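Encoded as structure tokens, here's the structure I'll be asking about.
Per-chain residue numbering starts at 1, and chain names A, B, C, D, E and F are given in the order in which the chains are listed.
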């Protein structure tokens, strides 16, 4: 899981550097972002799938990585991820295919058989 | 519910005109689009929320209209829609706010108190 | 052809107002934009189809209107436009469907049977 | 200034409706959005120009309307707005031209000679 | 042509993995995507140029790579590609310039003098 | 400053190759792009901030790199860059966060303490 560890390490390091600058607006945004995926009217599992589909149609590999990891933590199954990726592919079109390939490669690491 | 009826009438009329042109690729795409939201590993309720969030971050009012109507049909509650819109707002940023306003105005029609 | 006339009138009026402000950068950009579709290694017919597909995947109805009118002037057939729209639909995904509907409605006006 | 009044009225009405739903995440986002344009290391005048250019390259007419009104309040001149629009046009390309036309039409109302 | 071979190998490997998951919607989408570029009312040469311009304005390097390779196969000349890239650059703006640089670097490999 | 040097070297090399092709439209676009940031109604410092925010909301790391380097040349302070990045983050949403991380990492190199 080298790629995932590298992603997590860079993410943690940079989030700490950004936080250390004490820009109130930026720090509040980061907090708001975390809170959006906490349990509410919708459970975290659904929220992570929403985050994954949004990341796919907006075509951001780092965001896809983050939400696939979070989906696994929240108990989403591989088949449910496929269904979500299919919706993203239909909504976002073939321009998302390189990110679909990226997601499937990552799924092999995050959801080993 | 005038706006929703107008949306549905235009959508039906144009889908029929498009289908009548018998372009194989276009007609297959429309079929694939419908199938993506049918029950599978994920239930329709979750799929409509995924479609709604994708439509919001890609900022398409017609698509937002369609998925809010479908959410109501699938039994999604207003509070669940708010939670989904919040994720779309955080992921997509303030540029989505005019579409958030549009969605809330529509919610008053589709989910009357 | 009311909609097309209205589009053309507004476009002409605003282009004149913009030009009258004499902002060198903006005026040069407008000139560059016109030149891009003139005959070169590719003929105008193909260039207008390129402009149409770019406008569709970037989802701009005014740009779609402009390039469909130009396609008709350049001798593109309705069937060729359908093929181009199909590529735009596959690349850009279902989020382009409202613009596909818009384009087909306009095609009825611009390419009457 | 009918269009501007209508925009402001709809914006105020919907913001109140949205706030009344008491969704913590959404309400915090709206607050964060307002705060981003308050005086800080950069003065409001520059911040409104930043908001305008971001709105233009992301092609949102409502957001363009809002930031042009705010630019006028903050003391930005028409010539400064032209320069900002030129940058948005070059960065965002001809796909922004319909929004450039929209902005110039609005400028006639907001900055009367 | 190392980069092109690497691209093709990864593309083939991942497409096989994705197909092996037997998700009906995803597999149908991949088939539809291939069919869109087959000869129809428009010849493959024009279709590949349409795919290239769409990929450029949506700023996807993998998609640009794929369509430049396909353009060469379909008999498009380098000068025709330049003309198509110019339209993409004008429509999509300076934000596409890093992808324009990428495309020109690739063209040296795909269309050697 | 290895990354910045590599970026500059690749940028210079490719710009020369592109210019050598003598495509009039492309070369004019590159000239227009440079001119947009020269002093006019707005000073270069503000223009570079506009370019940075546009690059951030459109999520292009190469463009972010270029404008952060130019901001430093134009005398923008680190705190002013933070304020601009905050606006980009609020407008563009959490999908920009990987680019915000990238920008902060680069800022450590370009604006050493």
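Assume contacts are C-beta pairs under 8 Å (C-beta built on N, C-alpha and C of every residue); 3 or more make two chains touch, one makes a residue touch a chain.
Just so it is clear, the structure is predicted and the values come from calculations on it, not from any experiment.
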Intersection of contact partners for subunit B and subunit E: A, C, D, F
Most remote chain, CA-based centroid, reference being subunit C: A
Identity of the chain that, by mean CA position, is farthest from subunit D: E
Residue-number overlap at the subunit E/subunit F interface, same or different (half cut): different
Angle of rotation relating subunit D to subunit E [CA atoms, steps of 5 degrees]: 180
Length of the line joining the C-alpha centres of subunit C and subunit D, rounded to whole Å: 27
Subunit A and subunit B: spacing of chain centres that average the CA atoms, whole Å: 22
Centroid distance [mean C-alpha coordinates] between subunit F and subunit C, Å: 30
For subunit B, residues that touch 2 or more chains besides their own: 25, 29, 32-33, 36, 40, 54-55, 57-58, 63, 82-83, 86, 89-92, 94-95
Touch-based graph of the chains, sorted into line, ring, star, complete or other: complete
Residues of subunit E defined as touching subunit B within the complex: 24-25, 28-29, 32, 35-36, 40
Interfacial residue positions of subunit D with respect to subunit B in the complex: 10-11, 14-15, 17-18, 21, 23, 25-26, 29-30, 33, 54-55, 58, 60, 62-63
Partner subunit B, residues of subunit F touching it in the complex: 57, 89-96
Footprint of subunit E on subunit C - complex, ascending: 32-33, 36-37, 40-42, 46-47, 49-51, 53-55, 57-58, 63, 77, 79-80, 82-84, 86-88, 90-92
Interface residues, subunit E side, partner subunit F - complex: 59, 82-83, 85-86, 89-90, 94-95, 97-98, 100-101, 104-105, 108
